[in-house]
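For clarity, chains are labelled A, B, C and D in written order, and residue numbers in each chain start from 1.
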């Protein structure tokens, strides 16, 4: 077995790991590095539950090979709060009951943060289309959209 | 998963050499959003992956003699976020902006979308309509190939062993030109085109169409380039009659199959409907109303 | 023994508000531990080999090459599980047949659907386990298969069970068939009823099998000890039922299996059964190591229970004045590979909203080469409602009556008869119709290619066995523990009910779900039963603690307990009683608990009855593109009787979730099988559940007609909301296009074919 | 003491009480009712306990011995409900 040695930065921490070339980044995060906050819902890039950012770009970690992460910076859900200070999106999701079972929530939070970093004043339509890559079966999306719009308002200081 | 070799060449020529010298199955890895799904399902079992994302020529987006040179490994989001390119080729952006989801577009590339050779690929009809030319690099040098000649069937391209697409060239645009791409999917996002239609047209000063390229996706073994459908618009003011002729020509050209996403009858009808609507959108853009 | 009922009109401080759920922070920070997140020392990975054929006899299984692969630690097949007698055990509707169940966990004589589990391997890495699966050789004798329910019922159809004689037919048939059971509910005189009708409509409908679509695939971790004691971390809707099924399938006694409730990533009824748990335990037993199994999305869609697809005929007669005089329907439900579709629920719920003097509902439970069906949100009711509520809409137009009006004229209320015997004991349905009649959006004018459709729905809601414990901590904070798995926020609801009953703030209550060794038996979290039944147990435990604390205050003040009342979280002397004792808070009493007798603990256990059914009436505005057949949902208003909303936002969230699942069921979701009986859309790309950009604002109206049998008037909320959407959308499409769609899903190709005629 | 009026579903009565659907039984709780039914049809109590739910004046319950029967109440034994 010929494992690759990969050096990355995950949630601003230096991280090194060994992995097989065929292993998706999602499996390494969960099974090798014990970071189980990123979830697998389909393994084929159709549900968004495994969303992370790679060098600032929102991606599905099930559709990225771990070897491709060499020298890159990764942000996962585990790094979203600063200690016990929740990110405004995390707070708004709780306040707006924007989660029920919560398996899709990490993916939604990572995707919503990527949106608000690009567009601090999105319309409801823009939020719905940006988050169309994240599937949720419990909530019917309504309260997720309200939570993201409310978070945007707070970030804008409106 | 058999033992898999992963290489990250720095030049297109090195990538071509790796592919040419591979004994077992070898594939280019650009965005990987189709490749990894096929590897996971076992439909594809490569023994060598050539990751081209470290090759600057393939990851850059530059203006070249009035047109644009797009690296085959530029991801769709980067393309969509480039304001200068997006304003000049809105139709190509329509296509790039419909590939999968935001997450998928963060990785998926025009080169990968083309060479995966899915008949329903969203960027391909728009690129064909735009008249894009692929720069193909192989063991015996480079050649230019119009995009419509790359795909020859589901999962099959005209590329020889060791060849890969390095970049695309979009020619400079004459005045009063506009392009658009529309697709039909049951969901508003996150879907594979049941039918796709790309139209690119140019008007003269009086609003008469002087040139038109039409392409359909997901209605044949590969994206279709339809010169006759384009002719239906040339010489007209792209009025209702011309649009109906375009729709009829598009429907006639469609050779779809029944599958889990749509029926033959549905695709034939909707091919015409979308071709017409795409032409209307392209017309508006050509007149500067967008 | 029901708890004493709070006065419904009493102003409540905490119940009805929307505090943050106790499991919220772990879920938004990625710390929550779901079925696949548990990691144990020395853990290895299990993978399951599944049948590539829809129907085949297993002649032999050769695992020798796989066993020789370095890193492989254990291999199991059906032979590793004990077999069971062929018998149906338990209630008729939900009868469990372990002979069937063990064959669905790991095939024995035959594989009955593509994806049917045959063998499983545990190895030191997932890759080795996958490689080992490819080395297992199975010798199949491929048999002809049948997928469609009508085809499966035809004489001469391939038989899944060569000896299956239809139950429920007297005298019993002599030849085997794929029809597992026939049932019938009839009341009154059909001929007389239809004779009185001015308008009669008879129409046939089909619905496609649809999956619950939970985003978390089935997953668990099992650790079987050398002493025969086993622990299981499982994401299920009922860890006590997982324990019972797994122990029975492994031949273990229940006491030696401890099941921890991992967080569950959605269930909707689909995780009230077991698939991977018995396999993981068997692999752990054989390997001596903890084993983790996680299904892929493809496994979930190919091999876990969708709800039935169905074929039905519905005939209803009404008078010009809008009285429904007769109804006669036949429902044929796909059960999948083993008997057990929700056809009885469907037959019972079909007319349950309406007072119909003469009615018959016949049901058939039919097996075919598809995964065994499992419960999906009000199982059976949405399927029969699609036919009944569509026909009612047609009849309303024929007699020129507003569809809400027709429903209102026939709506049941307390005392109305049902088709299965007992009279309704609760109101709530008319109120949902009135809510829509008064709703401003119901009068918004519609444009070209647009239409408005209405439909109603009924669901029983469950009660049953629940247990809860309450501990009072030294500082006056309390711990509420129940055995009811929490998906939709029930930990928050339990805390709300405890805080209100005890008279303390919500954030003084820590609400948890206890494992099977730490709490009394709790039935599944399903049937919308938890807030009702487990809520009753929680309030009873609180009342027991209140009695205890009143006693301790009386002891402290040297007065009789009858002179002490409990109010606003304090023990107080009855007004006007001699002596000037200041009220004693919970914290004050708890601080002195040692001298007044020791720890303050109470456990309550109930078999709750007196639950009230759920009613929902909804309308949908749609716009249909006449050139592509695409249906866009413009507006949704969903009214539902919730009794009393315990947690306002989570109650509303249940209704929004059910509506959107209904929209997916109506427009895009289906199983597409090819000629070889293989599922061609086994993934979230082509099994299309709704995405955020498909949907408008979903306007929820929570009607509150309290159920006096619950301390706070609560009724089950989780399920009835999925019953009306399909018919309502079909009715809206008919108004927009003039075409009556009778087959789900109403996908664009089908709608366009109808429009083009 | 007026008796409780007991009704079985037609399917159930066909299988276990050769078609007899309705009974009048003197009983103050479900335990007494089940014992009386068992006298009429030996073994019926066990089946009622395992296979049915009970509706007393329309209120649904699982079969529990201690459940009180109001004089003259209407009792239906119906199939048990299982939800999703």
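Remarks
Keep this in mind: a contact is a pair of C-beta atoms (placed from the backbone, for glycine too) under 8 Å apart; a residue touches a chain by one contact, two chains touch by 3 or more.
If you're wondering where the values come from, they're calculated on a predicted model, not measured in any experiment.
Between C-D and A-B, more C-beta contact pairs join the chains of C-D.
Subunit A and subunit B, compared by their mean Cα positions, are separated by 29 Å.
Chain geometry summary: the mean Cα position of subunit A and that of subunit D are 55 Å apart.
A separation of 70 Å divides the Cα centre of subunit B from that of subunit D. Across the assembly, subunit A contributes residues 20, 22, 43-44, 46, 129, 132-135 that each touch 2 or more other chains. Multi-chain contact residues, meaning those touching two or more other chains, occur in subunit C at positions 127, 212, 268, 685, 690-691, 693-694. The set of subunit B residues touching two or more other chains comprises 1, 187-190.
A list of each chain pair in contact follows: A-B, A-C, B-C, C-D.
Subunit A contributes residues 20, 22-23, 27, 30-31, 34-44, 46-47, 49, 76-78, 80-81, 86, 90, 93-97, 99-106, 109, 125, 127-129, 131-145 to its touches with subunit C in the complex. Taken in their complex, subunit B has these residues touching subunit C: 1, 41, 184, 186-192, 194, 259-263, 265-266, 269-270, 273. Touching subunit C in their complex are the following residues of subunit D: 7, 9-12, 14, 50-53, 55, 57-62, 64, 66-67, 74, 76, 78-84. Within the complex formed with subunit B, the subunit C residues making contact are 127, 130-131, 298, 627-630, 667-668, 672, 680-681, 685-686, 688, 690-691, 693-694, 747-749, 752-753, 756. Interface residues of subunit B, counted against subunit A in their complex, comprise 1, 3-6, 29, 31-33, 36-37, 39-40, 49, 51, 53, 75, 77, 100-104, 106-107, 187-190.
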